[in-house]
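Chain lettering (A, B, C and D) follows the sequence in which the chains are written, and residue indices restart at 1 in each chain.
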Amino acid sequence: MTAQNSTQEVQESENNDHLITSQDPQHPANLIPELCSKFWHLGWVTGTGGGASIRNDNLVYLAPSGVQKELMKPEHIYVLDITAQPNPKQRIYLRSPPNLKPSQCTPLFMAAFTKRNAGCCIHTHSQWAVLITLLLESAQNTTMFEINNIEQIKAFGKGYTKAGNLGYHDTLRIPVIENTPHEEDLTEYLEEAMEKYPDTYAVLVRRHGVYVWGESVHKAKTQCESLDYLFQIALEMNKLGIPWLTNVKPIA
Amino acid sequence: MTAQNSTQEVQESENNDHLITSQDPQHPANLIPELCSKFWHLGWVTGTGGGASIRNDNLVYLAPSGVQKELMKPEHIYVLDITAQPNPKQRIYLRSPPNLKPSQCTPLFMAAFTKRNAGCCIHTHSQWAVLITLLLESAQNTTMFEINNIEQIKAFGKGYTKAGNLGYHDTLRIPVIENTPHEEDLTEYLEEAMEKYPDTYAVLVRRHGVYVWGESVHKAKTQCESLDYLFQIALEMNKLGIPWLTNVKPIA
Amino acid sequence: MTAQNSTQEVQESENNDHLITSQDPQHPANLIPELCSKFWHLGWVTGTGGGASIRNDNLVYLAPSGVQKELMKPEHIYVLDITAQPNPKQRIYLRSPPNLKPSQCTPLFMAAFTKRNAGCCIHTHSQWAVLITLLLESAQNTTMFEINNIEQIKAFGKGYTKAGNLGYHDTLRIPVIENTPHEEDLTEYLEEAMEKYPDTYAVLVRRHGVYVWGESVHKAKTQCESLDYLFQIALEMNKLGIPWLTNVKPIA
Amino acid sequence: MTAQNSTQEVQESENNDHLITSQDPQHPANLIPELCSKFWHLGWVTGTGGGASIRNDNLVYLAPSGVQKELMKPEHIYVLDITAQPNPKQRIYLRSPPNLKPSQCTPLFMAAFTKRNAGCCIHTHSQWAVLITLLLESAQNTTMFEINNIEQIKAFGKGYTKAGNLGYHDTLRIPVIENTPHEEDLTEYLEEAMEKYPDTYAVLVRRHGVYVWGESVHKAKTQCESLDYLFQIALEMNKLGIPWLTNVKPIA
């Protein structure tokens, strides 16, 4: 039952509390608690599930494991230097909160930063995300959520290799990976999906939730919101017998 | 993929920040952020979708594009003089926020102000609005939402050409227009619907959302709320097999 | 289209603002706005629909017509002396807010105070209340909502003629009256239901909402909450094919 | 109609208000009101139903009966010494709020403290909990809620006799007991379930709600949240025809 990819977590000798101390509400150590509280009220990070991480140049700020998301504080935040990680089996923190453990989402957040140069990555246990993966599973274990001709699709960027946002008639595609018993073991499957679908900003995890990232906190957060909106609407469409994909002809 | 009706946006040489600076909570530059935050919590303006605009005599105050609606501030607001717009292809702003773009809803809000003399116009991506348009689409592409004999209908004015509000037995009719790839291209269809249905205070946009207006912020906002209530109840009625239109005889 | 029971509304020569001015948060003029804001967030008083009224000895405090419920203030409150009303066709106010109109719910609230000696009466447009009346209508126009063997039923008093609360195995019965085009015309049907069912604390209005009252604000508010909870659960039970009435045998 | 296990409630001669007076937000007399308000907003303790209790060494802090949960204050809290209770028929309080009654949940909370050494016990009337018991009832009166292969299951401890948390492939099992007319009469059935299922952290009560406990407030609260999440998702799975138990093979 031990994770295959288990990582050694190391705290540097000095605990740099100045890295999480700022009066600026836009500082990642202040923003992560604010985001997590907002996500808790949206039902995305129930019971300490899910999390959020922000990268600012070389510094990565991470929500810890096991903290009630609506009660998170700046002093709970981990900080590491993304350029100073010796190998995948060891993680060196510039700043660690006392008495807490790093989130098991850490390697997945790191994948978004290293593979996609993301500025922010969000992980939710949104019920609608989970239900969409269940619907796809019961439809021959499908591994792609696809929807088009819904205005909210335009909230998504076309991807890292393309400029601009999706159009109304474009199809938004979110790959689904299977869940693993240990969250950190998801990393290789997430990275695989990132390579196979280089333009996606999100990956669904079967019976688990969703990872969403973006160039900035603004992008990651608004794409995560838009995606949850689409999951909710897609679930209702399913109940009403309305297909997610249509061939609406442009009228203008 | 370029919008047919794309408009040149011009900022006057002076940036009149005094137009959005006021201690009065009822000032449009304060009201729009308050409304947008409220709408975000109602799920109407998820992921920067949707928006709101207020007209005060000749001045029009507009929410910008791409701002998280629950975080909007007075300094994000655009202002223009409705009487000083040279032609439909050019829009001159008295005040523009730095580093932001005007909302693509702008020409649609302007239609409500110029064609209907509205004091406020709201655009939401409400899921219930979208689902109602999908239900109507799957019922032979119907272009009119109709409901009667629900008390909440009385919250609607009879229209610009008639005094008073709808009665309980009256039928509320909201026309549906088809979506276009570019939001500003919706303008001509919205204006067409306004001319065809001069008494409507709202237009649904297929697979997109709804535009609602009124003589005042109060009217636009309460009609928008009442309409969303009716969309929600209509969706449940559909699931329960209860028709939206009935011939209940007056008992008093 | 004029209401049959339309009432002349009279303001006494002096406008007694001291009646709605208090530092005590429990004062009715402070409590009604707080309740209305809470009810707005519960979706009970959308778009200025619904309302609330409190009686303190002889004084009755009433929310006005047409005010956004989450924005209500003490200065919006009407006050009248219940012992100083000359006849049903005329209502004399000790204190009226300027520029507002009395709520059309006023005679219905008065019925709860005069016929039932209630201390508080609440009217909501709760969607769940409306949907329950629609379900009953589609089941042969039934005029009684009945449910038993749900713990929450115990939140209800047995009634004015009986001590204590309903037991778990008791059946909660809420009569349904038909809606009328003019809200004040509902009064005679509400009073009729009060006489026919002397122990009920609530009456559903078909396709409209519900009136709930109680000896105190606490009782009216908690009964209104419990009833809405039961409406929601009853709607889900209906979708799942589970009957509202069962013959569960006591096991203790 | 009198409860079989009715208990004599005794207040010690001195009323120790210092036991509920603290500036520390983590003090149980401050935490219980904060939790109850949060639970009210989640719809778990509607209409004064449900409650929460915290044990700190020998002292037990209890929410009272009949208080609106979103308005609870430290002065409403009961305190007793768990080691100074003479017999099950008598309960001696170190501190009682004036004009209130102890909650009927008290003996059930005490069972979690004495039988399970819990640090916190929460009782909700969550609609989703009730609906799950109704679904199980309509499926041959089943007395066990079982679900597996949903990530959120990992939020649950394996139990008092086992270290660590449930794994993703483990099955979460929550026993269901039948409701009784008097809440305190539930105690013996709750204790029975605790003995039969020594590792459970929760017991569902048919047509009533759920009791959830944990070593700490953090554990009880996050398990209660996770359970409600699972009830909601299980209800949706039922509507979509997706089974709660599957034989997904580990892929890593």
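By our rule, a contact is a pair of C-beta atoms (placed from the backbone, for glycine too) under 8 Å apart; a residue touches a chain by one contact, two chains touch by 3 or more.
Protein identities per chain, from UniProt: A, B, C, D = Methylthioribulose-1-phosphate dehydratase.
All figures in this text were calculated on a predicted structure; none of them were measured in a lab.
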item: Chain C and chain B - chains in contact with each; value: none
item: Same or different residue numbers at the chain A/chain D copy interface, by half rule; value: different
item: Rotational angle, Cα trace of chain C fitted to chain D, multiple of 5°; value: 90
item: Centre distance in Å when chain A and chain B are each reduced to the mean of their C-alpha atoms; value: 32
item: For chain A paired with chain C, centre-to-centre distance based on mean C-alpha positions, whole Å; value: 46
item: Numbers and ranges of chain A residues touching at least 2 other chains; value: 239
item: Touching residues on chain B, where the partner in the complex is chain C; value: 149-152, 155, 167-169, 218, 221-223, 225-226, 228-229, 232-233, 236-237, 239-242, 248, 250-252
item: Touching residues on chain C, where the partner in the complex is chain B; value: 1, 4, 43, 46-49, 68, 125, 127, 130-131, 134-135, 137-138, 178-182, 185, 205, 207-209, 235, 238-239
